[in-house]
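Two complexes come next, and they have one chain in common, chain A, joined by chain B in the first and chain C in the second.
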Partner chain A sequence: MTWSRKILRVNLTTGVIAPEPLKMDWAQKYLGQRGLASRYLCEEVDPQVDALSPENKLIMANGPLTGTMAATGGRYAVVTKSPLTGAIACSNSGGFIGAELRNAGWDMVIFEGRSDKPVYLHIEDDKAELLDAADLWGTSVWATDEAIRQRHQDPRLRIAAVGRSAEQGCLYSAIVNDLHRAAGRSGVGTVMASKNLKAVAVRGSLGVSGLKDPQRFMKEVAIQKQVLAENAVTGQGLPTYGTQVLMNVINEMGAMPTRNASQVQFESAHSISGEAMHEPRESDGKPNLTRNAGCFGCTIACGRISTVDQTHFSIKNKPEYWGNTGGLEYEAAWSMGSDTAIDDLDAVTYANAICNEDGIDPISFGATLAAAMEMFEAGDLTLEDTGGIELRFGSAEALVKTVELTARGVGFGKELGLGSRRLCEKYGRPELSMTVKSQEFPAYDPRGIQGMGLTYATSNRGACHLRSYTVSSEVLGVPEKTDPLVTDGKPELVMAFQDATAAVDSSGLCVFTTFAWTLDNIAPQIDAACEGDWSVERLVETGERIWNMERRFNLAAGLTAVDDTLPKRLLTEPAQTGPAKGMVARLGDMLPQYYEIRGWSEDGVPTDETCSRLGLS
Partner chain B sequence: MQKSLNIDPDKCTGCRQCEMACSFEKEGVFNPSRSRIQVFEFHHEGRFVPYTCTQCSEAWCMKACPVDAIRTDGGLGAKLVNDDLCVGCKVCTIACPFGTINYVPDTGKVAKCDLCDGAPKCVEACPTDAITFIDAAATGMDRMRKWAATNNPASAQNA
Partner chain C sequence: MKITLKLYASFGKYLPAGARNNTIVIEVDEVVNVHEILNLYSVPLEEAHLVVVNGVFVCESERDHHLLQVGDTLAVWPAVAGG
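Take a look at the complex of A and B:
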């Protein structure tokens, strides 16, 4: 153990729900969550299928430490083929539903086919049933959560749902759980809605037991919790400011994509920063931030609980938004703030709440809006196209209107729901899309943090910071400081981060622990809990195996080395200000070396030797 | 010195480490629904509140028990359930105004916080000191200090 060793397979076409044993030989090779669910997806889904067809599958998966007392042991992942990128998608989320699913005795739920009418899955320990969701269709995540709660009269129910955006086909719809947490990226929510699956509601009372060595596990957990508590980032920075601790830092180093990445510093970054969230506002003397919050088992507690100013134009006449809600994290504050040049903290906080309410990825939404704003200012998009909205950089009104439209999948929101690659192509300006493999890149400009350029270009789920967060090393000096402006050594750094992260993402733990932990801190916890000897070396190899497996899925789906690139703007337009002034993203200096150390051909294909070394048939 | 659990909801982040520590100690399983301490979330208010037995001196549960299965641990002041005597009649669960003693269908007995023999696991597990185990006669000391400080701004800086 500590896998529960049980999978729930739900065929939405036939309505048949059946348990089956977890393939333990795969668990020993792919650990859990991201790795193990991807193994199942690669086995069962043709990489060439239309992501929104019944032939695609959607897997919700826990790691072996999900639901245990290991700090941050509450993560779950959603794995499927992405409709946004056409690549493999793995979006992971905290909150409580992963642990609840584990408490109900399940490592994984595999959804296949498509229901002919809206349904939701209700799980109560080993009992699972599909229930009618006709009355929930067309409602938001929050309304769905409340309605399901009313119906079952069970206060301990944990619910994940998709909103109206997903139903309307927005390509970056999220699956939102526990109201404010999300499997956010790559449109996993869009796939869920395409299957007519509105929600998953879980209640687990069985608990997690059967650890390999419970006493050693408890000892390790206590030691590693202490490491998190004593670290400046996980012990102080994240609890106090959340991920927003980065806003001023990244801006000062000139790595803050601004105005659709046409600039690298935002003059008003402070107004939307973590520090600003602590400042009392004029109207009621309260700060934006009410308090921090932890996901299941998390002793870091970077989560934000915030309010929008009741006198702000976005909610003045909407008392339903006057209470506390999930507050801004750095990526959302960047995408809907800096990238759109909006300095209005309340507008961005409100927009973030709307993203949660109807399940859209704020990174993709904000970056798509920024591209639309640039096209509007250049005259490529007209008032007629936008339905009368003046889409200008800096307009909080435009943000508030468009986020509502996109979240609900109506009007110009339908267009924004295409994502920036498709939108920019449609209006004749493909070069203005800040995407890799059709996914919008997040809040770090590779011109100022070179390793992030290679990170975005090679990420298996399209542009993403979380596949190899070299910001840790290049900015924060964790585990060791590297120069953000040089490319030497970055292929090795990126590869090491990619492999380690793939292992962490497969364990049930949160990648934010790695500000304080290395695999040296993580391996003993996995080893004390799980069958098999889990050393650091084995975790690295497991991560590498997962990375190559994902890569092979993408190659089979039709992606090639040509897709391992960055938007032209980053490669050719130098940063105009800040420490990286005059620099472009020097991807070409890193990519060939990266392929080589990966054991891939010059075309980015894993060689037979590499596959055989990793046991990939 | 008798000690009490002291709960400060302002410090609670809702992480449930306490629930896992409790269920692991008492049931050998990580299972929040089997924990004697429970964290309640009031999300509109942005507030998390851990709650468990306060070990009443004249405990309703103890007085209501028809078979005298609940007794006081002398030194700790904890009210302990004797499983050998408990018949699972649930009268105590009705009597307790706070809901902190509950029936466990698996065992046919009731379960409640027993202060872990003087070393409560929830306290050890809590990462923010939202749950502490302190002098039972001085659980209000922090709040007294806080209010005292509001009387004299100068002393607030030294508090």
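Take a look at the complex of A and C:
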């Protein structure tokens, strides 16, 4: 073990819910969560299926360490085919619902088909039932959470839900759990809503049992918790400043996409930074940041709990937003701040809260808004198109209005819900979409951090930082410092990060542990908990197998090497300021070598030899 | 000569009065290296993880002989990370 060895299969078309055994031979090859759920998806779903059709499936999956006492062992993932990208989607989240599902005895829930009316799934240990959600449809994640909690009179329920944006077809809708944690990227929430599935509510009381060597596991976990506690990043930096400390770091290094990536530094970055979140505001003397917060089993606690200034225009007459809420992470502060040139910390914090309330990916929303702002300023979008909103860079009012509209899927919010690629194509400016495989790229400009260009171009879920976070090496010096402005060695670096991250994701641990841990710290914990000999080498191979499996799904879905590219702006318009001044993203210097070391053809297809070596049939 | 000093995250407490947005313009000797400036403001050298001059990382072994030029911006962080 330590898998629970049980899957819950929920057919939404027929209403039949049935347990089945976990395929343990697959667990030995794909570990859990991202890897194992993707294996099921590849087996059961035609890659060419319409992502929003009943033929697509949605899998919620834990790793073998989810719900255990391992530090950060609270991650779960949602795997499906993405409506935004047409590629495989895997979006993971912390909070508490993954661990709760594990404590109810389930490794995975597979949703298939489509219900003919809105429903939610209620799980209480072995018992699972689909219940009517007609009264919840048309309400936000937060309202749904409260209503389900009241209905069951169970304050300890853990709930994941979709909001109104998903119901209205916003292509980057998230599944939000525990009110402000989210499986955020690639539109997994949109798929969930397309199945008329409003929420999943879980209560687990069985505990996690069946560890291979419990005593050794406890010892390993204690040793590795100590490593996290003593590391300056995971012990002090992340708890105190959260991910938002990066705002000034990345800006200083000239790698901050600004004004829809037309610039690489934001002159007002400090106003929306982690440091600014600690500064007392004039109106009430309180800082934006109330406290930090941790997910299940987390000894880092990078999460932010914040308030918006009650006198701020966004909430002045809305007392329901006056309390604490999930605060800004770096990516959200970048997308709705720097990329839109908005320096109003309260407006960005409010917009972030709305993203949580109605389940929107703030990266894709902010980047799409930034593209819309550029089109508006260029005259491609008019006031008539926007419903009278002056979509100008720097306008906090425009941010507040558009996030509210997108949350509800009405007015110009419906247009923004298309995502940047489709919106820019619709208004005749496809080159202004800062996307790869139709997904908006996040808060690192590849002109200033070259490895991130290759990361975005080759990410199996479209542009993403969490598939190979080479920023860790190129900027932060973890595990060792590399030069962000050179391309030499980056194919190897990206591949190493991709494979290791796939393994970490699949364990159920948080990737943020890797600021202190390497696979040398992680492998002993997995090995003590799980059947089989889990060495570092085996984890790397498992990660590589997962990466190639995801790649093959995408190729079968119709994506090709042509899609492994970057927006033209990054490839042809040099950075104007900072250390990367005069430089473009040199993807062409890296991509052929990347294919080669991956064991792929010149067309980016895994060779038969590579597939055979990895046991991919 | 004048340079710009930026001390971020928990290093903000080492900034002198008059700093704004974690930033202050300071007057320093014509020949001064990174470590000498950090010592001037009691920044613990062993905790200075990320040291950047004009946006370019200065590795630990170069900090006691990397000379600042007029108009340079020196930015320093303790160990931090995000994502």
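Operating definition for what follows: the second predicted complex is superposed on the first by the 617 of 617 C-alpha atoms of A that agree within 3 Å, B and C clash if a C-alpha of one lies under 4 Å from a C-alpha of the other, contacts with A are read in each partner's own complex, and residues count from 1 in each chain.
Everything below uses one rule, namely that contacts are C-beta pairs under 8 Å (C-beta built on N, C-alpha and C of every residue); 3 or more make two chains touch, one makes a residue touch a chain.
This one's a predicted model, so the numbers in the text were calculated from it and none came from an experiment.
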After the superposition on A, what does A:T487 contact: first (chain B), second (chain C), both or neither? neither
Would you check which partner chain A:E275 touches, where first means chain B only, second means chain C only, and both and neither mean what they say? second
Partner chain(s) touched by A:M218 [first = chain B, second = chain C, both, neither]: first
First, second, both or neither for A:T406, with chain B first and chain C second: neither
Contacts for A:R156 in the overlay, against chain B (first) and chain C (second): which applies, first, second, both or neither? first
Chain C touches which residues of chain A in the complex? 231-233, 236-238, 240-246, 248-249, 252-254, 270-271, 274-275, 302, 329-331, 465-466, 469, 471-472, 475-478, 481, 483, 511-512, 515, 578-579
Which residues, counting only chain C, touch chain A once they are in their complex? 6, 8-10, 12, 21-23, 47, 49-50, 52, 54-57, 59, 73, 75, 77-83
Quick one: which bits of chain B touch chain A in the complex? Just the residue numbers, please. 10, 13-17, 20-21, 23-24, 27-34, 43-48, 124-125, 127-128
Chain B contact footprint on chain A (complex, rising order): 67-69, 71, 96, 99, 103, 156, 179, 204-209, 214, 218, 222, 225, 229, 239, 290-299, 301, 303, 305-307, 323-324
